[in-house]
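My questions will all concern the structure given below.
Labels A, B, C and D are assigned to the chains in the order they are written; within every chain, residues are numbered from 1.
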Amino acid sequence: MALAPSSTPMLTQTDVARIRSEFPILKERPHGKPLVFLDSAASSQKPIQVIDAMDDYYRRYHANIHRGVYHISELATEAYEEARRKIARFIGAPEAEECIYVRNATEGINLVAYSWGRTNIRRGDAIVVTEMEHHSNLVPWQILAQQTGASLRFVRVTDDGMLDLHDLDRLLDGAKLFAFTAVSNTLGTVNDVAFLSARARAAGAVSVVDACQAVPRMPVDVAAWGSDFVAFSAHKMLGPTGVGIIWGRRELLEAMPPFMAGGGMIGVVRLESSTYAGIPARFEAGTPAIAEAVGFGVAVDYLTAIGMDRIHRYELELAAYALERLRKMKNVVVYGPGIEHRTGVISLTVGDIHAHDLATILDSEGICVRAGHHCNQPLMERLDVPATARASFYLYNTPAEVDALVAGIEKAKAIFKIA
Amino acid sequence: MNDFSGMDALYRDFILDHYRNPRNAGTLEQPDASFEDLNPLCGDKIRMDLRIRDGVVEDVKFKGRGCAISQASASLLTESIKGKRVAEIDAIGKEDVLENLGISISAARLKCALLGLKVLKQALALKYADD
Amino acid sequence: MALAPSSTPMLTQTDVARIRSEFPILKERPHGKPLVFLDSAASSQKPIQVIDAMDDYYRRYHANIHRGVYHISELATEAYEEARRKIARFIGAPEAEECIYVRNATEGINLVAYSWGRTNIRRGDAIVVTEMEHHSNLVPWQILAQQTGASLRFVRVTDDGMLDLHDLDRLLDGAKLFAFTAVSNTLGTVNDVAFLSARARAAGAVSVVDACQAVPRMPVDVAAWGSDFVAFSAHKMLGPTGVGIIWGRRELLEAMPPFMAGGGMIGVVRLESSTYAGIPARFEAGTPAIAEAVGFGVAVDYLTAIGMDRIHRYELELAAYALERLRKMKNVVVYGPGIEHRTGVISLTVGDIHAHDLATILDSEGICVRAGHHCNQPLMERLDVPATARASFYLYNTPAEVDALVAGIEKAKAIFKIA
Amino acid sequence: MNDFSGMDALYRDFILDHYRNPRNAGTLEQPDASFEDLNPLCGDKIRMDLRIRDGVVEDVKFKGRGCAISQASASLLTESIKGKRVAEIDAIGKEDVLENLGISISAARLKCALLGLKVLKQALALKYADD
């Protein structure tokens, strides 16, 4: 995907300095070193605005929502629904009611697998997924296939970490569902969601997009994508843990049976049977993550105020600089495609240093990277590497932190006596 | 190099040596006890094969992949149990393994350091459950 | 259930004053009146300790858990697991790993209905529930019955709001599962969980206890109860929204297939199929509610420090005083059993004033009560009342707030020109 | 009583009167249009039956249960539509209903106040979808 053309100015050093000052955790000094947080792809840090909004919620207007007629319950209900509207606008959802609150993207995908999947997938049907899926967008489809007697088909990954699309239409032929990620959480590969969604639709398959790594880091417009379901988590985009969204097209959601049942999602309940509420309530059984929704809304405000196109471009700048420096290092292997096909997520290995050992040594320098399979075991098999270290960049990172990463890798090489 | 002395201590020469030149590497044909396990969160994997005669470990081989800590720890463990009685091996605890390594391990890496011991104990438990 | 004998002293006025000072929201003045929060059965307020713990988490050590080898991720993982151990101790769970984090009790019950239910319930099997269940412990069983061809049987409710147990053994005969609440959220009725669990076990049925209203307000020991599954929510017991627990006996949980699938709950993932982790990870797919778990642990610390037996006795004292005053009022009908069978949840109606109107008038006096069916539609049918107003008491309430409630009801009567 | 004047204004006499003595209470036999709905969160319920001749509402009856706001609002609504043309009724909006009630309604109670209108509109929509 090419850079979206934009007339808004770049994030300057001053902007980034201000942003950094709003993230309290960046003042921490693990092992006495400044925190260099390069693991935002796993979970981002939170600005003070988000933390304060939840604090304020609990201090001033916490109450259960929807069923309360008193003042603080009205405030809580309104804040919960206002956050839904903000999130809907943020991703270009035609209607706020199409945005269902879930715990995380994983639950969102499972909701589709249970509610849409169990209703529509039958023995002999085909489900298409890709070889670069996070376990959360793979294992639910494996289980659905096992339980229904459907078959799985796989879009393969090329040696440079891109989707191998040469036989896509053959794979999609007769398929009922196509689940794919917008951005690889291991390689940073950016897929063409609009193209893939259109191919799915042309084949009569429903598209399920794992947008966990896309919504935090680039402008997203689900209507322009033309997808059917899109899942993402608040905690990766400056929001709190415990909340995420599954967006779906109204016609699809309205035709789906409930996933979980209980308080808040019902119409008329009799002992023997019940009717259910419309969307989004039908899919939000029980007391929801209210404070978390409020925090999520403020996270979206924060990102919107800066501008997703600027965040995207800044992250690409950091990634380009990191790739340039890392590719020059001896005995460092960087995985994934070139900068024109990726975003700020970089997987690498260093000589015969296992990724865990590398991460431990970087940690001793205050540098946080992830090590392991990144919930991408099949992709690791495909790349024939047991584990990688992964550095991921976000709006609060700096070129100096890229330099710190490079210096940390040099120290690891020295300790392991590698040239 | 004294500014990363903590890491130098962790990855001291004999750990790197055991990592790069694991003792008792390989597998045994028709082992008397055998087990393989992995740490699913990080992907470290170890298999241990044992030949046991009259309650004594005559031979042991291990095969694995993973970080320096897990592989060196397993290598050291195989060295320490060869010729030992099963009853003595039963008595080996986490502390013994960590003492053998001679380094201080953070909570997140403890599972790495102890994977070899876990596999060894499982292999023996399986064997003596079968008998 | 009789009051647990205890040698610990009662909560004094001074104790309660100190407790109140630790709940920031109690300083709010809705409509210019002091906040009188009598809706803790829907969701409790939070002490500053809980709010600060989550604030501190986000400011100092937020990171995704389990897969991180760096310092703050270790801190987060340890805090998440330490909270699990605290909660397990709090409810007398034999093992912390038997406590599965869920969003709320509703999800906990659905987890059992999907994972245990779909594996063990077959056409023709019987599922027993009671007429006083919250929708969250009724509708999941209705759906399970519909999907499997099982039948539902109902333990009825007596006119004074108790379970009618005269034909319990007949109802349980041949049943596979018995789902019941420990405490009615509408009537405050306290059921004998140990007795009901034992009858279930004797009949060969698995017991599923909705402990949403029990764990916050009385000492609970799930091992002593002898139940199989127990569900509850943090937000009703001083903890945050977005987290709850389903506890289950290890043998049962270990034999159950996953509910949701994705990151963190797997063993080995291949493209075609996967193996799963042991408990509790098997049931915790995706990034969990980490900050919320941390807050939940602190809520449990707070309750433990005061002592659940004292909290229970104090709440009963308030309830007894409220019942005494309310029962003396003309045109006020109080539902449910006598004080010896209940806890501090009181449903009432006032003349022909609809519960919503009553709640609106009370709100104008700063008094928060719930109005409606309380997610108990079948029970309302049974009691032949379309809606009630419900006042519920907790450790931060005072006798003066009972007086405020009584005065508020008098005002409502005056406005509605009722004697 | 001036310390609860806000509530006095909300529950003014004519609201209580419509609540306790709803106009056009009951049902019609063989209505030309009919609909029943409820607010599932609070349990308020309203059914409306309409007799329509030549595009004019000749008669209307409603049956319901719920709070003073929802029942009085529905009662007032039935009064205001009798003898009106369907096209005129189509034009009735939320604001008209609230103006008719003459009281200020909080967000939480808005659904109560508007339930009658919602049911009326559904009844007409159903009828003219059928035609």
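Here, contacts are C-beta pairs under 8 Å (C-beta built on N, C-alpha and C of every residue); 3 or more make two chains touch, one makes a residue touch a chain.
Just so we're clear, the structure is a prediction, and the values are computed from it rather than from any experiment.
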(request) For B-C, find its twin among A-B, C-D or A-D: the pair where over half of the contact pairs carry the same residue numbers. (result) A-D
(request) Go through A-D and C-D and name the pair with more C-beta contacts between its chains. (result) C-D
(request) Indicate the whole-number Å distance between the mean C-alpha point of subunit A and the mean C-alpha point of subunit D. (result) 46
(message) How many angstrom lie between the centres of subunit A and subunit B, each centre taken as the mean Cα position?
(response) 37
(request) Could you give the separation in Å between the centres of subunit B and subunit D, each centre being the mean of its C-alpha atoms? (result) 77
(request) Would you mind listing the residues of subunit D that make contact with two or more other chains? (result) 41-42, 106, 109
(request) Would you give the residues of subunit A that are in contact with at least 2 other chains, written as numbers and ranges? (result) 31, 67-70, 73, 264, 266, 268, 356, 360, 371-372, 377
(message) Show me the residue ranges of subunit C that touch subunit D in the complex, using the header's touch definition.
(response) 31, 352-357, 360-361, 364-365, 371-373, 377, 380, 386-387, 411, 414-417
(message) Please output the residues of subunit B touching subunit A within their complex, sorted ascending.
(response) 1, 4, 6-8, 10-11, 16, 20, 41-44, 65-69, 106, 109, 112
(request) Please give the residue numbers of subunit C that touch subunit A in the complex, ascending. (result) 24-25, 28, 30-31, 35, 39, 42-43, 45-46, 50-51, 54-55, 58-64, 67-73, 103-107, 109-110, 113-114, 131, 134-140, 142-143, 146, 152, 154, 233, 235, 240-243, 258, 260-266, 268-274, 285-292, 356, 359-360, 362-363, 367-372, 374-375, 377-378, 381
(message) Taking the touch rule as given, give the residues of subunit B at its contact with subunit C in the complex, in rising order.
(response) 38, 40-42, 106-109
(message) Quick check: in the complex, which residue numbers of subunit A touch subunit D?
(response) 66-70, 73-74, 77-78, 264, 266-268, 277
